[in-house]
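In the two assemblies presented below, subunit A is common to both, partnered first by subunit B and then by subunit C.
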Partner chain A sequence: MSNRSLAGAIGVLAAGALLVSAQLVAQSSDSEIPRTAAGKPNFQGHWSSATVTPLQRPQELADKEFFTPEEFAEYEAGRLVVTETEANTAGDVHYQLVDFGLDRSQNDRAVNLRTSIITAPADGRIPSTTPEAQAIAAERRAYSQEHAYDSASNRPLAERCITWGHNGAPMTPVGYNSNNQIIQTGDHLVFVQEMMQEPRIIPLDGRDRISAEIPQWFGSSRGHWEGDTIVVETTNYTGLTNRNITPTGKVTERFTMTGPDTVLYQFTVDDPKVWTSTWSGEYSMSRTEGPMFEYACHEGNYGLPNILSGIRAEEAAGLR
Partner chain B sequence: MNRQVGSRFVAGHPPYAKLRCGLMLSVVALSIACQPQEAVVDSGQQAAAQAASTAGPANGAIARTAAGVPQLDGVWQAMSSANWDLEPHAARQGASEVLGAIAAVPPGLGVVEGGRIPYLPDALEQRDQNFANRRTEDPEAKCFRPGIPRATYMPQPFQIFQTDSEIFIAYQYAISSRSIYMQDHIDAPVDSWMGWSNGRWEGDTLVVEVTGLNGQTWLDRAGNFASANARVTERYTPEGQNHMWYEATIDDPTVFERPWTLSLMLHRVMDQPNPELLEFKCVEFAEELMYGHLSKAAVQSEGGTGNE
Partner chain C sequence: MKTTYGILIVGALALVSVGVRAHHAFATEFDVERPVELTGIVSKVEMINPHSWIHIDVTEAGGATTTWMIEGGSPNALYRQGITKNSVPLGAELFVFGYQARDGGMRAVGRTITFSDGRALFFSGTQVPDEVD
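After this line comes the complex of A and B, so read on.
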């Protein structure tokens, strides 16, 4: 067994132990939830949203909303197999997440017996898009076919280190580094996702929304308490990110502690310009250890200039 | 710089009201500076009650946490010309003539104790070279995280979120952020753009030891810099509810003859009842500068591959 496989095996074993502890945590009672001096649930800390549950329900599970615990264990084990990469190759350095990142097999994970993160519509899948949204998407695809490599600003947002598809509301888990930090004060909740690391600053003080004339990549959020749940409404989207939520769209999120080490995260996306119905989802985050390291994506972005430079070289050689 | 820095605030509770009057002598607001409401009350409860009653534009007594330390939460911004040039400087042409007077450098009295940064000879040469190349090489032009202390005096606001275990600061510029750990101090696990911050209270002053900086940041738009060996000690001292005196001492024997200190005032942003940070994700504004030479249009007009 190579050192690499050994590390992977230990990671999986550790994950197995964590799974057991997560199950115990899920059964703990409400009274153990940490609270602030003001009596509110205290969300502060580091939270893993790592999961094997897909955002949309796979076609083969179309009629099955939940796994049994036994089925889930088998499903999860199958999804946590660490892909080996060839040693001393670029792929080895960039994609071997067990050694060079935090693979989800190594992350703390909350148990989720759902077969998809999406809970509504009932088929567990993102609803169909409107004709208007389809026309915009087609236009973008056509432009991209011709101009995808013309300049940096023509490249995808993630490649440019602007946003990943999982960023902002609704926040979704990613394949690796699904780590998050919450800072909570009397009048604010700050939510930081490791990947891209833009702090989502969520005022809880009932202030007015910012002008609709200010679209932002992550939108603009306002939160309030409903009992022990923090409800966050986000607007001011650009319509330009992977999720395409438009400036008139709205996402509602609910953060609820279901135990001292578990946060239930629920969301509803409401944007009639893009989708024929609203869609909702939920998953749990599991308390994990900090700190979260700096994610300086743009500062270390060697990929983008290399891609452009490679394309220009191909063009010069008459290969394109 | 006519202020004496580095010695005005020492451990323990300073004779606060007296210091404020002394400070304000150097500007013009003596009569305002010495009003009774400027006095700092040491009793946590009394101070909190006062803070509640003086919320708003008045520069009243500082708010305190339940633990009795100053509560720094809010949106702050430096008004100094420090980000243009830490040292005393006259107005001058900007790094690019294209924008005319818009890009010109406003003059500044300087924020460095003793006026000049005490560079070692080789480092001074490097600084001058940085200055000559500042249009393209200033990390700010590239939208890189600003590092510490520069993040504090970027010409954009930042917001402090204070909890007992950590003080989190979000900076509008480049949507950067950092945690100042108030408990469980450890050494920097790895170098980073924003460094590793361990904080503690000395009386009413938040003292932050910053290490683990990666040495790739600059200190201003004039090419001043420190290396990855730098150890930065920051001191945040509230002066009333709406001002905070900021000092940063930079100790880096590979770049400077001796440790030196910069200092400036931070102002609470009060233009709206509830100010907030907006998104300044500047990557898209830096792409033409950084990658423009690799665009199809640029290469076609130059007849090369962009890789020369």
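After this line comes the complex of A and C, so read on.
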């Protein structure tokens, strides 16, 4: 291992030892939290949301809400194992994540003793979807089976560099590049997820919402302070993103500094058209180093035309 | 912690971290039925998102030179660790094992990319499980 990589590994371990879990951070002294000149908690900086904690609790953990520290260490080690693929199999058609520093072991991670990011319902899993949502999903699957490669606009949103499933709200950790930047002014919070390029610009000044007739890929957010917590409510969804939150759905997020280097992020999703109950989650973000390299996904997205040209070539050859 | 800098053998096992999604399914862009082995000279390095591309000039058996584009991973984590496009110098000789584009173009995903003397391009070959134990 190179010295750089060794230093990185030590840094990861040191960071992991220093970071505290969501259920422990409340013990931090309020005086440790950086504040603005106006006395508000100062969220500005770079934050890692990388974690091995899954969004949904694995079935085998059933009603177990928390690991012990020893159980977590064992679980985390298992999640960081680099698996292998065999040459000349579909799974092998990929670059090596380790080579590009993209496996989780090479990135800061916050310790989280929860067995899932989802905290409600009590089973730690996203509730079942409504018959209406199931019918829409089935219709989309059927269309996709016939038309997935018709044109660029038929390709998945991630492939088109529009949005990934982890983009908010709610914002969830992602497998790599799980970093974020917060820019805070007296009347705005700007949240930039490293992937993708679209910043969330959240007014905190009490202004009116935009018309419900204007859907947004990331929804439209308005925030306000409740004590030292920033509460953000987001509406105006499209119903077309990976989470399928509809125009009448709402997500409520809470940002709370629980220490100088830790932000507790909590969210609740409320969309009766899609899910049979609300669902909530939480995780900690840990302070990390900046800057972030601009993602600029569209500019380098050779993959999208390459995929379509490959399909057109196979069609021309009579292979499809 | 182990150090493993050796020549990666074609046909060896690739390393994929558990549960990490890619920006797109590579098997829709590249053809598992078209494995390629290439040795070429770096002519351009694009450290861009969503994926890096390294261009290499490959001299064919008859003497002609063909430029191949090799797709790799997002460069963001590399930048955080001080690695830039200059870390792969123009003129360096690379060895690539990968899979060619479905349309038969001179593009391939770089399943294994090393310097031709066997050194890892970036971090490949590190023994990750040992680091966390």
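Going forward, the second predicted complex is superposed on the first by the 272 of 320 C-alpha atoms of A that agree within 3 Å, B and C clash if a C-alpha of one lies under 4 Å from a C-alpha of the other, contacts with A are read in each partner's own complex, and residues count from 1 in each chain.
Just so we're on the same page, a residue touches a chain if its C-beta (ideal position, glycine included) is under 8 Å from a C-beta of that chain, and two chains touch if they have at least 3 such contacts.
If you're wondering where the values come from, they're calculated on a predicted model, not measured in any experiment.
**Student:** Just checking: does A:S105 make contact with subunit B only, subunit C only, both, or neither of them? Give me first, second, both or neither.
**Tutor:** second
**Student:** Looking at the overlay, what does A:Q134 touch: subunit B (first), subunit C (second), both, or neither?
**Tutor:** neither
**Student:** I'd like to know which partner A:E299 touches here: subunit B for first, subunit C for second, both or neither.
**Tutor:** Both: A:E299 reaches subunit B and subunit C.
**Student:** Please work out whether A:Q96 is in contact with subunit B alone, subunit C alone, both, or neither, and reply first, second, both or neither.
**Tutor:** A:Q96 contacts subunit C only, not subunit B.
**Student:** Check the contacts made with subunit A and report whether subunit B or subunit C touches more of its residues.
**Tutor:** Larger number of subunit A residues touched: C.
**Student:** May I ask you to decide whether A:E159 touches subunit B, subunit C, both, or neither, giving the answer as first, second, both or neither?
**Tutor:** Second partner only, subunit C.
**Student:** Figure out whether A:S309 sits in contact with subunit B (first) or subunit C (second), or with both, or with neither.
**Tutor:** After superposition on chain A, A:S309 lies in contact with both partners, subunit B and subunit C.
**Student:** Determine, under the contact definition given at the top, whether A:E84 touches first (subunit B), second (subunit C), both, or neither.
**Tutor:** second
**Student:** If you stack the two complexes on chain A, which partner ends up touching A:T276: first (subunit B), second (subunit C), both, or neither?
**Tutor:** After superposing on A, A:T276 lies clear of both subunit B and subunit C.
**Student:** Counting only touches as set out at the top, which of subunit B and subunit C does A:N177 meet: first, second, both, neither?
**Tutor:** Only subunit C; A:N177 stays clear of subunit B.
**Student:** Take the contacts of subunit A with subunit B and those with subunit C, and give the residues found in both.
**Tutor:** Touching subunit B in the first complex and subunit C in the second, residues 161, 293-294, 296, 299, 304, 309, 312-313 of subunit A appear in both lists.
**Student:** Taking the complex as given, what residues does subunit A use to touch subunit C?
**Tutor:** 1-2, 4-6, 8-9, 12-13, 54, 76-77, 79-107, 156, 158-159, 161, 174-177, 179, 194-195, 289, 292-297, 299-304, 306-307, 309-314
**Student:** Help me check something: in the complex, which residues belonging to subunit A touch subunit B?
**Tutor:** 37, 44, 149-153, 160-162, 181, 183-185, 187-188, 190, 192, 197-199, 201, 203, 205, 207-208, 210, 214, 216-218, 291, 293-294, 296, 298-299, 304-305, 308-309, 312-313, 315-316
**Student:** Would you pull the subunit B residues touching subunit A in the complex into a rising list?
**Tutor:** Within the complex, subunit B contacts subunit A at residues 66, 73, 143-145, 159, 161-163, 165-166, 168, 170, 175, 177, 179, 181, 189-190, 192-194, 216, 273-274, 276-279, 281, 283-284, 286-288, 290-292, 294-297, 299, 304-307.
**Student:** Within the complex, which stretch of subunit C touches subunit A?
**Tutor:** Within the complex, subunit C contacts subunit A at residues 1-4, 10-24, 26-32, 35, 46, 48-53, 69, 71-83, 97, 99, 101-105, 107, 109-113, 120-129, 131-133.
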